[in-house]
Structure formats: C-alpha cells, structure tokens
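One structure follows; several queries about it will come next.
By letter and in written order, the chains are A, B, C and D; residue numbering begins at 1 in each of them.
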Amino acid sequence: MGEIILTMKGIDKTFPGVHALDNVDFELCRGEVHALMGENGAGKSTLMKVLTGIYKKDKGTIIYDGKTVEFTNPREAQQAGIVIVHQELNMLGHLTVAQNIFIGREFMKGIRIDDERMNVEAARLFKRLNINIDPTEKMSNLTVGKQQMCEIAKAISHEAKIIVFDEPTAALTESEVNELFEIIRDLKKKDIGIIYITHRMDEIKLITDRVSVMRDGAYVGTLISKDSTKNDIVNMMVGRVIYEEPKTESKVAEDAPVVLKVEGLNAGKLVRDVSFELHKGEILGFSGLMGAGRTETAKAIIGADPKESGDIYVNGKKVEINTPEDAVKCGIGYLSEDRKRYGLMLQRNVAENSTITFLENFMKGIFIDNKKENNETEKYIESLAIKTPGIDQLIINLSGGNQQKVILTKWLVRNCDILIFDEPTRGIDVGAKSDIYKLMNELVKEGKSIIMISSELPEILRMSDRIIVMCEGRKSGELRIEEASQEKIMHLATLRN
Amino acid sequence: MYRIRQSPLVKKIGFNRIVLFLVLLAMYCFFAVFAKNFVSYNRLLSAMNYAYFLGFLSLGVTFVIATGGIDFSIGPVMFCAAIMSGYLLTHYHWPLWLCLISSVVIGMLYGTLNGYLVAYKSVPSFITSMAIMQISKGVASVFTKAQSVSWPQLVQENGWYRNLIKTRVGNTYIPVGMIILLTTAIICAIVLNKTKMGRYLLSLGSNKEAVWLSGVNVKKWEMIAYIICGTLAGIAAIFFVAAYTTVQPGYGDQYNNEAIAGCVMGGTSMGGGLASIGGTFIGVMIISILQEGILAIGLNKNYQLVITGIIVIVAVYLDVISRQKRN
Amino acid sequence: MSRQIQNIPASSNKSIVQRLGGQNVVVFLIVVALFGFFCIVSPNFRRYSTILSILDYSYYITLIAIGVTFPLITGGVDLSIGTGLICYSLIGGYLVVYQGWPVWIGMIVCVLCGAIIGFINGFLVGTMNLPPFLATLCTMMMTRGLGSICSTGLGIPWPTAGTEGGWFRTIFKLNIGDMKLPLGFLWILLLTALMSFVLNHTKVGRYIIAIGSNKEATRLSGINTKYIYIAAYVISGTFAGLASIAYSAIFASVYPGTGAGFELEGIGGAIIGGVSMTGGVGSITGTLLGVFVICILKTGLPFIGLQANWQQIITGIVLITAVLIDLSRNVKGTKSITTAFKKR
Amino acid sequence: MSKKLLPIIFCIVLIASLLAGCGGAPSGPAASGDTGKQAESTPDSKPADTETLNFAIIVKSYQSTYWLAAVKGATDQMNARGVNATFNGPNSESDIADQVQMFNDAINSKPDGIGIAACDASAMLDSLQAAKDAGIPVICFDSGIPDAPPGSVLATASTDNYKAGVTAAQGIWGALESRVKGATGKVRIGVVNQDATSESITSRGLGFIDEITTLCKGAGKSVAVVGNDYYVGKVKEKGDEASADIIIEVRVPAQTTTELCATEASAILNQSDTIGIFGSNQVAAEGILTANQNLGVLGSADDKIIAVGFDAGSIIKAAIKDGTLYGAVTQSPLKMGQVTIDLLIAAAKGEPVSDVDTGGAWYNKDNMEDPSIAPNLYD
C-alpha cells in the first residue's frame, strides 16, 4: 500500500431536516481499495459527493496529494484526478456510447468533433477492460449492466488518481462482477486509489484492503479487511439499533387464503410471464438485481404500465386493472421506489399528501372538511410517530423516513388490504428504517398483505415469509424463508434461462 | 424583516402578495404625481375597462398553470367567442341572453378540445394551445366572413349588457364589473383551495405521477382545468365587448401574454402546484393601472409591454430563488 | 436520476434512431405530395413564379425555424423570435431610412439586436433559471414594444430594388435579365448545412443535445450548462436577426405591431420536422422540410380559391396531427408514466 | 448573494435599452407618444399665453407615413395658431381596444377638444357620449363616425372614401376600357383590401367595385363579383359568375400584414385572365407590388396587368414613376391635419363648425408634380 493520497477531516454537511454528515474522517492510500460501508442513508454517497464537489461541505478539510483542496464542481475534481462512478447512472440516452464517455472532453479536429477518433479510443478502452460494447451504439439501447460498465470505463478513461465506485455491482450479473474485479485489481497495480461503496459483505473480503464504516452520517471506524469478520463490520454498521431477528420460519399458514393472484403477466421486455400468489397476512419478498423487472411487475399489476396479457385475481375473483384508479378500487396500494418522483407532492403539505388517496371520505358537501382531514392526519402522525412541526408543514421539509411514513399514511387512510412496498427503506436513516419494519409487521398482523420489493438481501431475509427472485423480467425462483439464504438468492438472481 | 415575514397574518396572506400590493400602490402614486389629473373616479373606471376581461382571462389561465400546463390560446378564443356570439346577435338576431350564453359555451368548447388533447392525447399543452389559437382565429373569421362585429350600444336595443361593466345611477357610475370580477375571483379562490377539484388540480400540478398512482383520474381533472379556463375566456369575451363593443377576427394574441403575465406576477408558478388567485387579481390590477397610467403620461402601449415584461421577469426570478432555497 | 434510464424506454429508442433518417423521408414525401396536389388542382400554381413566391415567403420562417430548433432541442422554447424579427427589422430600417445609415450597417444592426435579445433569453433561462416559456414570453412582449418605440411607431419602407441601397434585396433574389434566381434558397441551404454541422459535429451542438437528454448528467460531466443555454438562445436570436433581413428584403415595408404568430409558424415547422418538445431530438434538415410543409400550405391554399381564414384553421390542424403522429411513434403503446409525462 | 443582484443589473440593462428607445424617438420624424411631449413643450418657448388651448389628437396608427403627413399638417397649423396638441395612436389600425382606451384617457385629461381618426366606427360611441357629457368637443378626421350620438361629433374632416374608390375606378378605366371592350373571353379585375373591418377601407373597395360595374355595363358587358363574402354581399349587384364577361375578384388577407396581402395578391395576379387590380390602401398596394416582384406582370403594356393603388409613400411613388403602378388615388392628409386643428379651435371657441371633404385626387406619373398633388404625396 502506497503513501496516503487523500485525507478528509471533520467533514460536516446538513440538509434541511437531515444532518447528513457529522464530523466524518476518512483516508485513502495509493493503490488501495478502501471499502466504505453503512446502511442506506448512512451518508456514504453524500461524503463522496462532497469530495467530488457536487455538494459544498459546511465544515472540515480535504487534503489531496498533500494540498488542501476545495472543489466547487465535478469538473475541477475530474481535472485533479478524482472521478466518481455514480450509483445513479448519468447517461445521455440520445448520444452514443463513445460520445457519452468523452462528453466534456471531446477530441477535436479544428472546430469539428472527431467522432471517428472517439470511437477508436472508446473501442481501445473497452478492449483494455475487455468489455464487449459497440462504441457507436446509442446509450439508451444498452442494458443497465452495460450502461454501468460504460460509466466505469468513462471514469477510468479520465486517467484518474482516485476512482470512487458507488455500489457498482448493484446492477451487474456475476460474470460482469468478475470482469469488474479484474479491472479493479488492474487499477490497483497502477497505484490508483479506489474508494468502493458497497452493501455486499462477500465483496469486502474479495477485493478490498480496508473497510471504513459509517452510521447515521457519522464515522464509526476502520478495519483491515483480511483480518476482520463479517460480524465485526455488521456490528459497526448496525450499532445499538435493534432489528427484529431475521425470520427463521413463516408465521403464515400454508392454507391462508390467497388475496392476490397473478397469472402469466406480460408487460414489455422486463415482465415476461410472471405468476405468483400472495396470501393473507403475508409479506412476499421480491428480490433480484437492478433492472430485473420487479418494479415493472408492480407497475403492471397496478395498471401504471399497460400489460400485454395476464390475469389478476383479488380475493379469488378476476379483476380488470387498467389504471391505478382501478387498482386502488381493488384495495391495492403502491409505494414507489422513487419517492420524490412518484410519491410526494413536494409543494403541498403533510395533510394534503396523506388524504389524496381518499378525498371522497373528507368531503362536507362540495367542500373539503379540513377539520376531519386534520384530525385523521394527526391520528396517523401520532401512531406512525411521524416527526413533523405540524400537519401544515410542506412535505419537502421532512426527512426521507418521515416522508416515507406520510406516503404509507395515504394508503392506510385509504385502508388498502394489499400493499406493494417498492424499496421501502431506500435512502432513509436507520431509526426510521426499523420503524418501517415494525409497521409492516403490525400491518400483516392486522391481516393486510404486503409485497416487498427490495435490493437489500438482509432486508428481504429479515422481513419476508416467502421470497420471489426475478432475473431479466422472469420469475427465476421462489424460496420459502426457511430454505432461503443470500447465496441461494444471488444464484437465482443471476440465473440465465 | 424576518420577523415581518414570520408574523402569522403575513404568512396567511403571503409575503409576496403583500409586496405585490405595495408595488400596485406605489405605481398608482407614481402616476398620480406625474400624470395630469390622474386621480379621478373616471380614470379608475376606464382603467378597469381593461382589467375586467383581462381579469377573467387571468383567472382562467391560473387554473391551467396550477396544473403545470399552459394555455396560449385564451386571447384568440375570447375574440372568437365574442365575434361568433356577436354575429349571432347582429345577423341572426338571436335574443341577447342567448348570445351571452353562447359566448360562454363557445369558450367552454374550445377549453374542452384543448383539455382533451392535452389530458387524453398527452399533446404538450403549449403546442395544443398554439394550434387552437390558429383554429379559433380561423373559425371566427370564416364564421363572420372576415369582417368585424360590433355589439349594440348602450342606447340601442339590447344594449343593456353593457351595464355589466358600469351602470349609471343618477350621474355616477357603479362599477358592476368590479363586483362581478371580485365575486368570480372569490369563487375561484374557494374552488381552488377548499374543494376536491381545486385540491386535485394543485396536487396534480405538484406531482402528476404521484396523484395518478394514488388512484385519482388525473386525465379527467386536468381536462376540467382547461374547461374552466375556456369558460372564463368566454365570460371575458362578454366583458370585452361590454367595454369595446367591436371585435375583429384574426387578433387577440397580445392578450394571452398579458393574461399569463398577470397570473404569473401573482405568484402562480409555471412549475405547477402553486397558485394564488389573490395574486392573479393584484397582477391584473397592476397591468391595467400601468396601461392607463402609461397613456396618461403621454406614452403609448409599447412602454407598457416592456415594463410588464420586466416586472414579470423580476417576479418570477424571486419565485425561483425562493424555491431554490426551499430545496 | 435512475429514472432517466426508464425515461427513454426501449420501445422508443428505435424511433429516435429512425426519426433522424426516417421522419425526414416521411416529411419530404409530404412536401412533395402537397406540392403535387396543388399543381394538379390549380393550373396557376404550376409556374416558376409560384415556386419563386413560395420560396420568397418561406425565407424568414425557415430562418427563425432553424434558429429556434436549438432552444427546442435543449428542451426549451423561444417565443421572442416572431415579434423580435419585426423589432430588429424596424430598428435597422429606421436607422437606414430615417437616419441615413448605409444599408449594410443596418443589416448588421438587425443581426446584432437579434443576438442581444438571444443573449438576454439565454441569460434568463441558463443563469437565472427562469422557465424558458416565461422568459421568452417576456422578451416577446418587450420586443413587440421596443420595435415600435425605436422606430417611433413608424412603418419602415426599406429601400426598394433599383433605388440606392436597394441592392440588398438582390441577396435573396437575383435578376439576370428576365430570369429571376432565388438566391436566398442557396443561402438557406448553406445555413442548413452549416447549422447541421454545428449541431452534430461541434461541442456546442453536442452539449445542446446533451442538455436536452439529461441536464443534470450533463452538469455532472463538468459542463457549464449556463453557457450552453446562452449559446442556444443566441443562435436562435441571431437567426431571428437574419430572418428580419430576409423579411425586409422580400416585403415592401415593415409595420410595427405585427410579427406575433411568426414564432408559431417557425416552431410548428420545427415540430413537424421531428424536433421533440421534450428535447434531445431534432435535426436541421427536418426543420427545413417541416417549414416547407407550412409554407406550401400558406402559399398554395389561396390558389385553390380558399379564403385566407381557412388557411389558419388548416395549419392548426396540420400541427396537431403532426404532433399526434410523433407521440404515437414516440410513446409506442406504453402510456407509461415515465414516458408520457417525461417533460415534467 | 451575488445571484440576488442579477435581476437588478438585468433590469437596469433593460430599462437602459428602453430609454435608448425613447432617446431615439424624438430625433425621428414627429410621431408617437413622445412627440406629444414635444408639442406640449412648444408653448414654453412662446410668450406665455394665458389660455393656450390644449387638444388631444388620436390617429389610427403610425404604421403608414400617411398619418405622419396628417400629424405634420396638424403640427404646422398648431404652431401657426399657437395652440397645443398631444398626438397618440395605437400600434396598428386594428388595435381598436387600445384606441378606445386612448380616447377615454384623453377625455379624462380634460383637453379643450379631441380630434380622432377612429379605427372603428362603433367602438367609440359610448366614449363619444362620455366626451359629450364632459363637454369636450370632438372632431373626426380621415374617417367619420356615422351614428355618433347627436352633438358629440361636431364636424368631420375626411375623404369621402366611397367617392375616392369611384375615382380610382374611373382612373383605372382609362386604361382598361379598350381592353374590356376588346375582350373576347372572360376577363378578371382584382381588388385587394387590407380588411373587411374598417369603414374607410370597405367603402373604398365598394366604391371601386360599384363604379367598375356601372362602367362595364356602360360598355355593354355583364359583371360578376366573387371572393370575400362580405364585399360580395355589400355590392350593388353581384351578378352571376358563370355567364359574366367580367369577373371582379375581391380578396382580404386574414391579418393586415404585408406578407399576407402579398400572398392574396399573387393569387390574383397569377390568373391568366386578370387585366386589372386595385389595392385599396397603402399596405394592400405594397402587397401587390411585392407579389409582382416575382411575376413581373404589372405595367401599362397591352399584355400586362393594370394596377392601381391608394395613398402614397415612397414605394408606391417609385412604382408609379417607373410605370409598375398605373396610378393611385391620394387623399390630402396635410390638409386633413390643418383642417382638424382649425375645426378644433373653432369648436373650442364655441363657433359653429361643419364637415369638410378634404377630397381624394387621382394621380399618375404625368400629374405627380402638379402643385395641387405634390404636397400630398408624402413618403
């Protein structure tokens, strides 16, 4: 391991409602792969965004290559040799792969962009990383995995001194993961420092040298990967927070009535012939890689996306669901993975967000009965322990967890029996996370049934009674909780058929 | 400053409204000082002539903008309604009341067409209204053989509709129009803030997908917004002719801009989800006082256009930064 | 941003690829069909002189359309081009006719004014983050006013052909004996080629497309989007300036208070030519063809004895149909929230 | 924070440009609102006259130089007789609402008299009533207001537009007569009108059409009027298209802009049987000329189309000089301006006033220089 190339000291960052980073320290050496771990919302990504100048830090110092630096935008960071492979893909769908890779630093021939050369360079780059992608292909035509690879290739092509990988493997199949690891080892040899953000314990041992853990926006500690155990890390990550024990067996009787039955559902290329049953009082886990078609399945079920074929039965009788309206009438509620975009009405307040699903219930004549509305909302704020200054608070000012609870509220207000939770704990802090888990368990006790889509295996194993694994739009397997394990799920998730 | 902003009353009315109102006052004072006998009841009355039809247009488009759309056809639609119904009155001798209704209906029809295309065919609202604008112009002049239509005078038979803006009692005028406009504004405010419809409109303006996934028939409600807008344009038509009697085909675009300007000035954000009827009302007042004052100090309408433009830019910019702060 | 992936659904990718080639062909066929139709219906239409007039009346629309294509591709819009066109022509003409400045300076002034207004638009949109629609709506009102203010409300008769200073009219139409050459069309073609090059092979163009397809990502790639916006709107403004020259050169005189509505024809042309309101997609050649659909209608309809007012109705309908077709191919069955509502 | 400064800087820039606009104005020909202020400022230079009369004069627009001539006429007279007048006018002759607003505004600023060239005959009526109530005398010029409330409009100084149209018809007949007589098949005479809305323009068109009709009948030919339904409906007799020897085709653009006028004109000129065409005002005439740029069919030769315009302006004048236009009818805006002022003063002093027909005169390249015509041929 070479000498230290990067030191971050006492980094502090606050967003309205959340204290994202609380006096965080971090250091990185040349030729080191330094894993950064922590639950969602622990502040890993935020820290990296501060490093690369996407966010401006409130306090703290960054020493890079011996000099104190303060990047005001990603470009400066890039030029200094710090690049980040974002968890969310930053692709320009209308441009070709090569054009994406060299965006912002095109090869010029006079005033003309030299696309030919860019294609050649890109091809050479892919060859070096032995990835098989056509540089002249439109970015939007690639699979999520390939797009991810392009992102990585782009980062590497910057001739960087530090590369940040933010959950790079989330979308990759096993073979692609191995390719990636090859690349990373190769980079190590070149003395490049690598910060590797991940959730997958097994990867730590595989390629990282050290692992630093964050929790609730604070730095917890650093371990040497090879002489630390999984549990050490987990303990650091989870800390004092108590989770329910991982389920050992399902409490749902085999013969529990089927509330939702989907048969041969087809919708686009990400939902191919999906069939399953949801029992009363059951939490049905949907696992799989990013882009495996879980969300698409959910959207097809609630009629948000048009389905080509397939039958849906609610409580045994066949129903026609063509729009979310129909779905809600059948008592199916959907909590989207992307809160901001599909869940929240940012400019409106808590009460309005909570009652939107069931306004009919709050009418006095033609007018809205604000009193009733407020009481109802109050009640849920109470029971769900939503932290908000008041019901007339704009929802945009709440923290992720509380926003999620408000969204949950609107389905409880509507009193739906079937709830589809899409990544219910994405990007919310640990405390709120366990609250959500408790809620889910209470809900099923009340006899509601839940479909939980989640990319976090621990979450799946902790909550589900049954697990359905999807791969490339197909249901690649179904596991009873008793038999389920991370390995089995990963295997099914990357199963080709 | 901060304390003022936080005081409950201010919060209730909205800081920007108050500022806007002060601007209005300041403007009036300015003209009172610089324009020859500007401070007179008649001045206000004639300024209001302009405010009435503009007011209805603005109120209407506020609903559309609240849903995050835009209606760029209200001006020509207003003209079209006025012309066609006027033609029915003068050439086919329909009873006046029927013509007034038909004017509103015509507006409503255009609104419906507009709304249908936007909501159900998901054509960008800008383009639809652009096309509707052309169509309404064309229809109007086809219908009237490209000639202008003059509604009857107060003194002539069927002239009573002109009392809708001001009625003479003794030798003073009562601004009936103002009363009507205010009532409409209040109704609009109630609809927007207190009824299911208003709630849905604002919500889907704020996040259409979310409302849709919440099981609301967004298409229907979005369409309704445009229908309201069209209908109000139809009413605006009545007040336009009540003020100016004559309308000719092929015009009316300039009123789009002023109506939208008035609405946006009042703090309704183009992003949708935030709308203020009160603000719109003040915005319209500002524009009408401005255009009266500009004339009074011996300049012509062009200056009004430029100044309005500047005011809008500043208003919107303030809106933008305030929102940036919140995110 | 992960949503951006879904935003361009697999189904529509092909149509994007096709559109650049495919749609142009379709529109071209429409142009030919229209032209043929009028030729058949009206004998008077089949004349060299008619083609000349079609071209004459197309120049200014074509120019503003080419210009506005760039803001459209960034996902914005520029409304100020129509009234702007008249405004610039009035200012320039005023200097020439009433202040006795040489014509060539007047022309430069036209273009400069365009560039300035364009810059203001770009500044409002890029730096002050105003919604493009509103920003340009304001400049639309302003140019409408400014034009008449600067020309003191006068209609401006630019120097007529033959008279001293009338030479500039020959830029667009060269008379060799009785033969009239539509020189303007040559310029249009050159400009089209030039701007296609700018759009597809220069950084500015590349970044304009990039912004149109994903602003945030473009910013993260370390590109200063502000400048790109300004560039896009300056281009559009400058072309409005050029258009104002074309307008003055073709028509006898320019009158204040006119010009509203030109922008619709320009934008309409671009849309018909396959530029998508949601940004990221569009081609200059497409725009050129789109404009000719409108222009042929505009010039042709009077020939089949249709009163002027019908023309407006028809253009309106044509526009909507064009967009509907575009949508149907773009969304391809999936009324998926992500695609249908992408704009917001 | 610097971001906060942006709009302020920005506005300064804009206002600056705006001022530049105004700054430019006075240096231009006497026109627009600004001249209003100029005019007002004149008396300060004069020996202070205790009761200087103040008049407000509202024109249809400043679009065509015609109005400048009128304003000039008025300004000269105004200075000559030592009174004040403010001039104003809407952007285009179709901004009726704007003009009404201007009129009301004028009333409210209580001048000693108002001179107006109404864009629309009926839009003004109420305002006229108001003026009457306020005891402000109103003088109309250029176009009259037929059914004004009695006692509101004291006098009108205008061209009899119908007559002017007739004059134009007689003018063109001079060149057409032989051809009409000689014509074997159908022949076509076109009329391009800026709009079907303004009283002055429509009556010109009608005057022209009716006169041509009678003349042709005189020549023993049958006539049919086709095209814009409004005109067709209004003419004395529309005849039957199929049988008629002479077809009078009336076209009206959708909006009063040059390019639309041009499109309509070229539609007429393109027809092989067209022998004559009339543009009933400056814009229309210029439209015809624009269309002709491509067709080159206008001229006085036998195989050419005879074109007749209305009003003057550099372009029309040039066209008449080089023979593209056979001739045109001019009104006398200068005189109109003077007369308006005289009438206003008389009215303000309470003296009796009566209508004045300022007359329209036929001119072509032969009599352009005549002292009776020349002064009215403004640029």
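We adopt the following convention: contacts are C-beta pairs under 8 Å (C-beta built on N, C-alpha and C of every residue); 3 or more make two chains touch, one makes a residue touch a chain.
Predicted, not measured: the structure shown is a model, and the values here were computed from it.
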item	value
Pair with more cross-chain C-beta pairs in contact, given B-C and A-B	B-C
Geometric centre distance via CA averages, chain C-chain B, whole Å	29
Where chain A and chain B are represented by their mean Cα positions, the distance between them in whole Å	45
Centre distance in Å when chain C and chain D are each reduced to the mean of their C-alpha atoms	33
Two or more partner chains touched - positions in chain A	304, 341-342
For chain C, residues that touch 2 or more chains besides their own	124, 128, 142, 146, 148-149, 153, 256, 261, 307-309, 311-312, 335, 337
Interface hub residues of chain D, defined as touching at least two other chains	6-7, 10, 14, 18, 32, 34, 89-91, 95, 228-229, 252, 254-255
Those chain pairs that satisfy the touch definition	A-B, A-C, B-C, B-D, C-D
Complex interface listing, chain D residues touching chain B	3-4, 6-7, 10-11, 14-15, 18, 32-34, 36-37, 40, 86, 88-91, 94-98, 100-102, 104-105, 107-110, 120-123, 125-126, 129-130, 149, 195-197, 202, 228-230, 233, 252, 254-255
Complex contacts: residues of chain D adjacent to chain C	6-7, 10, 13-14, 17-18, 20-22, 24-25, 27-29, 31-32, 34-35, 61-65, 68, 89-92, 95, 227-229, 251-255, 257-260, 262-264, 266-267, 270-272, 283, 286-287, 289-291, 293-296, 313-315, 318, 322, 379
Contact footprint of chain D on chain C as seen in their complex	44-45, 47, 49-50, 52-53, 56-57, 94, 98-99, 120, 123-124, 127-128, 142, 146, 148-155, 157, 160-163, 173, 178, 180, 247, 250-258, 261, 298-299, 302-303, 307-309, 311-312
Of all residues in chain B, those that touch chain A in their complex	190, 194-196, 199-200, 202-203, 206-207, 209-217, 271, 273-274, 326-327
Chain C partner contacts - residues on chain B that touch it in the complex	68, 70, 117, 121-124, 126-128, 130-135, 137-142, 146, 208-209, 212-213, 249-250, 253-254, 257-258, 260-261, 264, 270-272, 300-306, 308-310, 312-313, 316-317, 320, 324
